[in-house]
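Alright, structures below, take your time with them.
One chain, chain A, links the two complexes that follow: it is found with chain B in the first and with chain C in the second.
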Partner chain A sequence: MQRIRNLILTIIAVVLFAFFLDKAPELLNGYWQRILNLIAINAILALSLNLIYGITGMFSLGHAGFMAIGAYVSALLVLSPAQKNAMWILEDIYPWLLNVNAPFIASIIIAGIVAAFFGLIVALPVLRLGGDYLGIATLGFAEIIRILITNTARLTNGSLGLKGIPAYTTLFMSWGCLGVVLLCMVCMLRSNFGGVLRAVRDDEVAAKMMGINTFKVKVIAFTLGCFGGGLGGALMGNLITTIDPRMFMITQTYNILMIIVVGGLGSVTGSIIGSVLVTTMLEWLRFVENPITIGSINIPGIPGMRMVIFSLLLIIVIIFRREGIMGMREFSWDIFFPKAKPKPKHEKSNHESVLEVEDIVLRFGGLSAIDGLNFNIRHGQIVGLIGPNGAGKTSAFNVISGFYKPTSGTIKFLGKSIGGLSPDEVCKAGMSRTFQNIRLFGHETVLQNVMTGARIRQKYSWWMSLMPFVFTDVLREDSAVKAQAMNLLEQLGLSEFAEEKASSLPYGAQRRLEIARALATRPKLLLLDEPAAGMNPQESDELMKFIRRLRDEFDLTILLIEHDMKVVMNVCDYIQVLDQGIHIAHGTPEEIKANPRVIEAYLGHENTDKETDQIIERHYAKKEGQK
Partner chain B sequence: MNLNIFVQHFINALSLGSLYGLVAVGYTMVYGILRLINFAHGDIFMLGAYFVYFATIVYKLPWAVGVVIAIIGTTICGLLVDRIAYKPLREAPRISALISAIGVSFFIENFAVVVFTGMPRPVVQPPILMQPIVLPGDVRLIPLGILVPIVAFVLVGCLLWLLYRTKPGLAMRAISFDIETTRMMGVSVNRIIALAFGLGSALAAVAGILWALRYPRVEPFMGMTPGIKAFIAAVFGGIGSVPGAMIGGLILGFVEIMSVAFFPTLSGYKDAFAFCLLILILLFRPTGLLGERLEDKI
Partner chain C sequence: MRKFLTALMLVLMLCTVASADEDVIKVGIFNCLTGQNAFGGQLELEGTMLAHTLNPTILGKKVELVIVDNKSDKVEAANAVTRLIENDKVNAIIGTYGSSLAMAGGEVAEKAGVPVIGTSCTNPLVTQDKKYYFRVCFIDPFQGAGAATYAFRNLGFKKAATLVDMANDYSVGLGKFFRDSFKKMGGEIVASLFYQSGDTDFTAQLTALIDAKPDIVFLPAYFAEGAIVLKQAKELGATFRFIGADAMDNPEIVTLGGDAVEGFMHTTFAYDPSMPEMNETAKAFTAEWNKIHPDKAPNVNCALGYDAYILLKDAIERAGSAEPQKIRDALETTKDLPTVTGMTTINATHDAEKDMGIVEIRGGKKTFVGIVVPEI
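Here is the complex of A and B:
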């Protein structure tokens, strides 16, 4: 009902706007028509950069380079052979290029594809970098593009640029392109794949543990963003009819960055609002650079003043309202209507030995974090991994879940070796984990956090999410996953928080949410890293019941790290003890309680100190012997 | 290529490289402490050149006085940038400060266009720096070409002494490890950060002055390309490391001058070398030559 209402409202708005565009040539003068065109083009550019940076979290400063590629590709395709012959003065144009021609619509799509292709080539090496380095490398790439364009005169006419490009970019063309880009992007961002993009931005490590190949996701987002950059560049070239390499300097990227910062990083609505504001203002500010005559007084224009004001505004926005106008929120028709809350069901696996860890050794340089860890977990067991601080427990988790590669040793999960697999592959094999320092996708809703966990079970590919009305699988699978996620939340007592931001939950609920998210991947084995950390005795009592319930309801096997001995002794069927990377004991809770080495490892009693020293000595002596 | 021409190229590369190095040191100190790419640093460098231009050529002050004024003026500008545009954002996500830095860079460049006009202005070089010294083998040396690396090395030497032999230097190194803990040790963190900005700006001012003498002109956008290249030099040498920045600068200087010297057809691509070098080092040794590895804790 609500969806149909919103759809009708959207259609009405689009029709009204199309009507306005149709009448625009009569209503508006050339100046305002040009601004309207620029708004649409800037919005396309802003949306595409926002996809890369605001939504997926990759700081890219290379957009001007992709615009340049798009603008040149399109211009070379739409210019007639006669025009090309007349323009290449210094050097001859390549003969094959002279007669290459394409209709405008085809040319802008090819422009986008070529830019996306370059984007892909850049992404493969460069996206392995993070943060600021990525920014500088992409900025460098944009500069290289510009230098290449200047120096390959036979292809691009060098620094002279291209003139007389047919002005094909009409209002319908630019706004039509924006409409398509907007539609695809909104659909994608609303699908679970969009949630995955935001999850990669919020916490890449946790996203990997949800079975997501984060590198692939980043490459996809970057390449799509570059497509937008090329498309925007092509439209721009066909609007202002002249292009040259100096047009695509870093300043161009800054302008787009300004738009998405003003609008709100990560918000599609924000990018649109930002384009309207920034474009209009940049054009309007031209007056400060033009001489003004008021009566008999002549005020000379001040060159450069426009950019001074513009940059001051950027600084002011970032200091006083750094989330921009929209923050990460989006426009929705629902804001005009009172809220109606929807209400939302679950299912059950078997293998004898779930996890077999054999002789795991993990060294960092000369330091042994783990030195020979052996254990088995059988189906349905709850096993505790304990030991004093620095014993190597979390390192063991990181090895088992694929974040660290063991120096030697084998790990078998459900009978298959998983040593050397990456975290996302381990997750796909049926293992999930939580983290000691809670790693949620903080900006996302509770529901979306859980849905991200379910992405690995969905069959649709990322590109289908661009056109969900064609590939209805997207809608069907997403709604199935949503229902399952709601169900999970209900079971874990989190359904009241479903639409709230994950980072706003109280601590205990965040811990449960992390478990819910891990369960959404439908694991066979769940690793819990200090689930009781920071809980009071009453909360940890509840946690114990909760962990047993989890095992029974979800048919799980659980391995947990815990410092709270009460929790460990009560909930675990079996316990493994590590101290200084060495596996010092294992047994049932009763056996462990009575084990002097364990007591000593925790309390460091003098009379048992020697005993442990002997164990450690014997351990290393044995190793020496083996060598 | 005869000896004379080779020596000319060598001196050129050495002085260009040490100028990159001087600017890179400013980037590396600020990045080491705040993890912030101070995009405005190249423009601070430009201000240094303008200060000395106005002091000596417009107001006809002696060079020594002009240089002192330029260094002081530029340092004040650097401190103001930190105070106004970065300090309010210390607790904000790093990206906010980065965007603020881009805004400041933009602002300074265009402000310079408004105040000084966009026209390049020629700098009159003091004749004493331009009188060639003739060495055996018909090798001619311009004193300026030798002065530049000497000044750069002496200044970086002083900076290293300050960083490794004095209390403020110790504080600065401590902040780059852990800003919160350093604060708890009773160090006035903001003052030390200001010191880093001040020192970086002073070095950038010297580089700007020498740059203006070497390519005898000043213009509002002169800091843009050298600024980005110097940052690349800092990354190349290992961001956060002062000797690394100097080494990175020198390598970049030599690559740029020598490749064009030996392969003149590549001169059009000169500005692309730095970026290619950057992408290569980031791929094969992301921490740069002397940088330390930072790991994400899981």
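Here is the complex of A and C:
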């Protein structure tokens, strides 16, 4: 109902706007039509950079380069042979290029594809870098493109540039392109694949553990963003009707960056608002450069004054709203209506699992983190991995879950070797984990966090999410996943938080959410890294019950690292002990408590044994009492 | 805070409501007043404003200048011209420094049918296929050939080389036309070397030039790089001479370049404050300029800004009307108009045909050494 209402409202808005564009030549003079055109082009550029930077979290400074590629490709395709002949006055044009021609619409699509192709080529080596390094690398790439264009005069007419490009960019063309880009982008971001993009931005490590091939996701987002850059550049060239390499300097990228920062990194709505504001303000502020008369005071015009005022306004925006005008929020018709809550459905699963770890050795240079670890986990067991600080427990987790490659040894999961697989592949094989220091996708809702975990079970490809109304699988699978996620949240007592930001949850709930997210991947084996860390005795009591319940309800096998002896001794069927990388003991809790090596290494002195016993006895007594 | 800002905006908006006046000729000026070309753009604006001060009325009508900045940016240039035509409804436009900006603006003016007079946009493409774009400057092929002619005929040099800024359309064009012309006259090009705008180390190119042993090196650089090239050439002990083009025409060349620019020559428009035999227009211009700017000598950019206005004034007077179409038609038939930079005739491609001057730095002073007729 709500969806239909929103759809109708959207269609009405689009029709009204199309009607306005149709009447624009009568309502507005050429100057304002041009500004309107620029708004659409800037919005396309801002959306595409926002996809790369704001949404997927890759700091890219190369957008001007992709614009340049798009602008040149489109211009070379739409210019007539006669025009080309007249323009190449310094060096002769390549003969084959003279007669290459395409209609405008085809030319801008090809422009986008060529830019995306270059984007892909850049992405493959460069996206292995992160943060500032990526920024520098893409900046360098844009500069290379510009210099290449300058120096391949037979292809591009070098520094002379191209002129007389037919002014094909009409209002309907630019806004039509923006409409398509916007529609695809909103659909994609609303699908679970969009959630995956944001998950990669918020926590790449955790995303990997959710079975996501983060590198592939980043390459896809970057390439799509480059397509937008090329498209925007092509439209720009056909609006200005002349291009040259100096048009695509780093300042061009800064302009787009400014739009998305003002609008809000990661917000589609923000990018649109940002481009409207930045484009109109810059033009509108021109009056401050004219001589102004206020009463009897004459202020002479100062060139450059509007940039000063514009920059001041920018600074004000950033001071008062650091996250930009929209932050990460989006426009929704729902703000005009009260909210309704969806009802979840139920679903069940069953399977079996075994982990076999044989002679695992992990060395960092000369340091042995793990030196010969052997153990088996049978289906349905809860196994504890304990040891003093620095014993190599988390390293063992990282080896099993694929973050580290073992120096030697084999790991078999469900009978298959998983040694050397990456975390996302391990996850797909049926293993999931939590982290010692909680790694949630902090900016996302609780529900989206869980849905991200379910992405690996979805069958639709990323490109289908661009056109969900064609590929209805996207909508169907997403709503199924959403229902399952709500169900999981309910089982874990988190359903009341479903629409809240993950980072706003209380600590205990964040722990449970991390487990819920891990469960969403439907694991057969769950690795819990210190689930009781930071909990008070009452909370850890609840946790113990919770872990057993998890095993029973979800038919899981669990391997857990824990320092809280009470939890370990109570909840585990079997215990493995590590000390300084050496596997010193294994056995049932009773055996471990009696093992002198463990006591020496882990508990320090013998008294502790008794203390532990006492704690456990007291605990059981309490439990009996409760019954 | 928000209320205060809103109030401020309202006040500013009210101030911008312009009065519409029938008996006013509106002349739009779009030039680079900020950004990387601001230096040239501002000098040209000052020249045009001086011409306006001296000729505030044409055909008895008051002339109003509407000045917009194009920020040395193509998108802004197109916006600026659109604004002048659509919002301010100007009768004609003057501008700009920088050929790429002129091309972006020219497309808009062409469609709207408003005549534009370019000041120092020398790329041949600017007026190519344009009915409404004119210019008071000569074009790159003309100037490149002029430098070659002077080097070959007047100085008698037989071996030349070029050092060209690859990223600059002006420089690339001039370099090519110099080489073509020099070879045609029977000279030899011994080296053709390149750099990129913004480079600061030219020793590699200069060493190669020294090895190639040219008599003269053509350096169609902008002043920023040109001055460094001359300085480093002096340090490396280069013995060949340098000749540049009008972008090296800078009033401060001697103060900035010192010793290193001694003997440097450059082609320019036939005007320099040091000219011995100035025409009447140039004399008047120099005198008036010095009155307003006693501490700053005029250069060719100021002269071209001035001349653009004179060209427009002449066309409006001959057309007897300030209608854009009539101004355009009159501009096309401009012949032997006395301007600061010599007699101006607009040719079939809308470029100014005029004399070309050569300036040499002699004894720490810019010296106008003569006029050249290029052999194209």
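The definition used in the following text is that the second predicted complex is superposed on the first by the 559 of 627 C-alpha atoms of A that agree within 3 Å, B and C clash if a C-alpha of one lies under 4 Å from a C-alpha of the other, contacts with A are read in each partner's own complex, and residues count from 1 in each chain.
Rule of thumb we're sticking to: a contact is a pair of C-beta atoms (placed from the backbone, for glycine too) under 8 Å apart; a residue touches a chain by one contact, two chains touch by 3 or more.
Note that this is a predicted model, so its numbers are computed, not measured.
Of the two partner chains placed around the shared chain by superposition, chain C is the only one that A:T241 touches, whereas chain B remains out of contact. Once the two complexes are laid over each other on the shared chain, residue contacts for A:F403 go to chain B alone; chain C is not touched. Within the superposed three-chain model, A:Q538 lies out of touch with both chain B and chain C [touch as defined at top]. Once the two complexes are laid over each other on the shared chain, residue contacts for A:N99 go to neither chain B nor chain C.
In the superposition on chain A, contact of A:G140 is made with chain B only, not with chain C. Once the two complexes are overlaid on the shared chain, A:N151 sits against chain B and chain C alike. Of the two partner chains placed by superposition, only chain B is touched by A:V205; chain C is not.
Legend: residue contacts after superposition of the two complexes on their common chain; A:P125 is shown touching chain B, with no touch to chain C. Looking at the shared chain after the overlay, A:M307 reaches both chain B and chain C. Shared contact residues on chain A (touching chain B in one structure, chain C in the other): 147, 150-151, 303-304, 307.
Those residues of chain C lying in contact with chain A across their complex are 11-13, 15-16, 33-34, 38, 42, 67-69, 71, 73-75, 78-79, 82-83, 85-87, 100, 103-104, 107, 111-112, 123-125, 128-129, 166-169, 171-173, 176, 196. Contact residues of chain A toward chain B in the complex are 59, 125-126, 128-129, 131-133, 135-137, 139-141, 143-144, 147-148, 150-151, 205, 250-251, 254, 257, 261, 265, 302-308, 310-312, 314-315, 318-319, 322, 394, 398, 403, 435. On chain A, the positions that touch chain C within their shared complex are 29-32, 34-35, 38, 86-87, 89-90, 147, 150-151, 153, 158-161, 163-164, 167, 236, 239-247, 283, 286-290, 292-294, 301, 303-304, 307. Of all the residues in chain B, the ones that touch chain A in their complex are 35, 37, 84-85, 88-89, 92-96, 98-100, 102-104, 106-107, 109-114, 117-118, 220, 224, 228, 231-232, 235, 268-269, 271-272, 274-276, 278-279, 282-283, 286, 296, 298.
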